[in-house]
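The two complexes that follow have chain A in common; it is paired with chain B in the first and with chain C in the second.
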Partner chain A sequence: MMQPKINSPTLHINDLNVWYGKNQILKDLTFDVLAKQVTAFIGPSNSGKTTLVRCFNRLNDLTTNFKHTGKILFKGNDLYSTKMNATKIAKQIGMVFQKPIPFRKSIYENVAYSARLHGINHSVELNETVEDSLRKAQLWEEVCNDLQSTPDILSNGQQQRLCIARALAGNPEVLIFDEPCEQLDAAETPKLEAIVQSLKSQYTLIFVTNKRRQAARVSDVAGFLYCGELVEFGQTEQIFTNPQDKRTEDYVTGRLG
Partner chain B sequence: MQHHLESELKALQHQLLKMGGIAENMLRDAVQSVLNRDEGLAHRVIEIDDTVDKLENEIEARCIQLIARHQPVAFELRYLTMAMKVNRNIERLADKCVSISRRSIELLAYPPMQPLVDLPSVVHIIQQMVKDALDALVNRNAELARELRERDGKVNNIYEQMESELCSLLNEQPQLIQSGIKHLLLFRHLERVGDLAANIGEEVYYLVRGEVIRHLDISIDASVES
Partner chain C sequence: MNRSDPIYNTIALVILTIIFVLFWNFTTGTSDVEGRIASNEVVMDSLSIIYEHFYRMIPIFFTVVLFSLAITFFLEEWIPQQSWQYRIIERIIAILASIPSLVYGILGAYLLVIQSDRISYLTLIVTVVLLVVPVIIQSTQMAIQGVDIPVREAAYALGANRWRVIADHVLPNAFPVILGGIFIAISRVLAIAALIIVVYEWKITQLQSMISFGISKSVVILLSSALISSIFSSFLHKNSDYRTN
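And then the complex of A and B:
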């Protein structure tokens, strides 16, 4: 299996196996996620993509019968060590979900909430963080006059961008996008992809999608998951022009899944 | 069930091979027209070039349409990019056959020149290269495709030798200068046919292996092989 070039991984996954009860969801996964690039995971439904990324911020801890073996190192530290604080991990490894779920608070408070959790309480600094996060999520121009309104006034796509701003206000190192365009209309998808590209220089980005073309557009490195197995992991260009495994070839050409 | 694009690619390959077959015949006839001083055959080669030009346009349009409609990736993407380049190379090869035929007609105005080297054997190497380039495409044979580069190197050496011998002859017999220039152009056209066959081989290699060997030194081929 082809591995991307090494430049101090943000996440190092070594021989990861995951079960829900007796069902093995992920099998012997080993790979690195590097900073300042987009790592995409592609694969058909039930291939284990979401389970995998939920391991990175320990969201699976809440799932009954979740069991894993193997190591996930975040900047060299074992994410599942008893010394690690799951809340702290969630702050450093943010997530944007399929369906945008803004809090029932004002647009301003949605973003300020994360900043406060990050320890920002001074009003000037808080205002700066809210504006900066909304700008990074390319939403500021559209909401700067409605900061005290509730997110109900926003479109689905704008709500998703608000969720991105909220995640950014917590100053994470890693941001995971789990099929973030699933509920977006055609006009919003390019905006979200543009945001991902603009964030790349500052964050470690992980992008889960079942849209092959989207993975080809946004990612630098791509992994193809199939039935819980990481069939191929390498430079996106390689995956989409010269895949080494027949199953990857069949998936990217639309014959599989 | 056969994937829809697969059947489209098969049809495209059929069209490419049809064009390649015409170009192969054009090369055979163009060379025969030179060797047998057959003006009629040379004219027929020139006339048939329109068919190849039309096929080139059709194949290119087909490739563009398939890319637009299917947005191919992986092997299919490599196949279509290869097909567009092979298409162009076959068309240029046919153009060279036309040039050979034109030289053949022009040479009729001069008495036959004592052959400088064994022209039929050089022609045989080049014809075999064109045949093997198309065979490599049909059989997805990367090794045969890559090996064409080596044969092209040999053809280039023979061309240089022919050029040097012709220059020596023209120094001794300057009255042959006009006929000599036509011969020099003829050798050059044949040498270019070898280049084009090697180009097709490079594109077939990319199709099969996903690696670009174009512009790489032939000596590197040994390491590619290992």
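And then the complex of A and C:
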């Protein structure tokens, strides 16, 4: 296990409350996400994990009757201030969803799409970006011969890795994985975890999962969310070996959730 | 090229339809020469009028289609779906679309043709707008709502703005259904145009006396029954599970 590095927080969340209509989803969350680390959020379903990470790239804005109080600072800037542009935030904070969502374009165009959104239009540069991101997502060897065919030919796990490559082509600073292994089989899950480990040196990663052991394998820092409360937040080793809260202990040992 | 892409299927369908229309006379020709001559006298005149006004209608139709697409995208993408403005506009469009096209045709013929005693450009515009806009808006709404929400979210999460999401994902995915709605609208206009022109071939004064006597009452009955049924059906639609998001 790594020692905690001394670096400034990429995301600073202060007193965050979130409501959908009258339901309060998140209650008084305060924590820091440090750069170049894997921060995992664990917890049973309906505990607000997805809602939390969707606040970071402002996808919750699309949901009607979403409202929040508190602050989310991204490198010192309030994400929800009127000066910030949701599109620019989404370019800096990428996301991989639970279900692989390839666009109905060729494999090459899927990855090139997000590179084009970032102003890369020259074909040589575009080819380099596509190859680089597909290599980072460990998919290049498998698809380099049929870049022009549609993602239908790929397996579920390959499609998920394509989505990772697509998110990486936009060169984000933070990459959010929202339960990425939920629909993958046992053979694909270790590959995805290996990708997460290899990306750790370059990106700040946030990993949401409801598999306890996966969080223990993948993350440096972990937070346990239960019914909208952040019960415990700290080093993964400590959360899994020496939890301070009774509920965390119950969840980690399998008595809860 | 991806063969499973619905756009190519749609293009193929359009080409097939054009071929079918071009060879219509060939495929439906009958050997009954005398009967054809007898019936063609009436039909040919009305057909020539349809063709004449069809060419006039093309630019109007394109403008109206673009206009109604713009309205729909504004309605679906910009106005929040829980707001009272959205609900009122949607209800009005549902009511307008459910009124039979015959009612519009007779109203157009009576109010604009017979009253002013000539077929003006304005007549065509007003009638085509009333016939086409609600139908296209309704089908386009269905098409836009049919686009998967995860696809939109994935595009937003990559940093696409609203215009890019519409142009790159919503429009290509919804295009086949939108095209179907436009064809339905065209057929609606053509059908009622044929009917009205055949009626118009009769003496105008006869029609006028008919309308002032009986048809105005039946139009009122038709209109009110259409209104009642559409209001009822829109309440049913509101309470169904069709729209969950």
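As a convention for this text, the second predicted complex is superposed on the first by the 251 of 257 C-alpha atoms of A that agree within 3 Å, B and C clash if a C-alpha of one lies under 4 Å from a C-alpha of the other, contacts with A are read in each partner's own complex, and residues count from 1 in each chain.
Here, a residue touches a chain if its C-beta (ideal position, glycine included) is under 8 Å from a C-beta of that chain, and two chains touch if they have at least 3 such contacts.
A quick note: this is a predicted structure, and the numbers were derived from the prediction, not measured.
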item	value
Combined model on chain A where chain B meets chain C, clash or fit	fit
Cα-centre angle that chain B and chain C span when viewed from chain A, reported as a multiple of 10 degrees	150
First (chain B), second (chain C), both or neither touched by A:Ala167	second
More chain A residues in contact - chain B or chain C	C
Contacts of A:Thr87 with chain B and chain C, given as first, second, both or neither	second
Which superposed partner A:Tyr113 touches (first chain B, second chain C, both, neither)	second
Partner chain(s) touched by A:Met95 [first = chain B, second = chain C, both, neither]	second
Partner chain(s) touched by A:Leu62 [first = chain B, second = chain C, both, neither]	second
Partner chain(s) touched by A:Lys246 [first = chain B, second = chain C, both, neither]	neither
Distance in angstrom between the closest Cα atoms of chain C and chain B, superposition on A	35
Residues of chain A contacting chain B in one complex and chain C in the other	none
Contact set on chain A toward chain C in their complex	57, 59, 62, 64-65, 86-88, 90-91, 94-95, 97, 99, 101, 103-104, 113-114, 117-118, 150, 152, 163, 166-167, 170
Chain A contact footprint on chain B (complex, rising order)	3, 5, 71-78, 210
Residue numbers on chain A that touch chain B, as the complex places them	212-213, 216, 240-243, 248-249, 252-255
Touching residues (chain side chain C, partner chain A) in the complex	2, 4-5, 80-82, 148, 150-161, 164, 168-169, 172-173
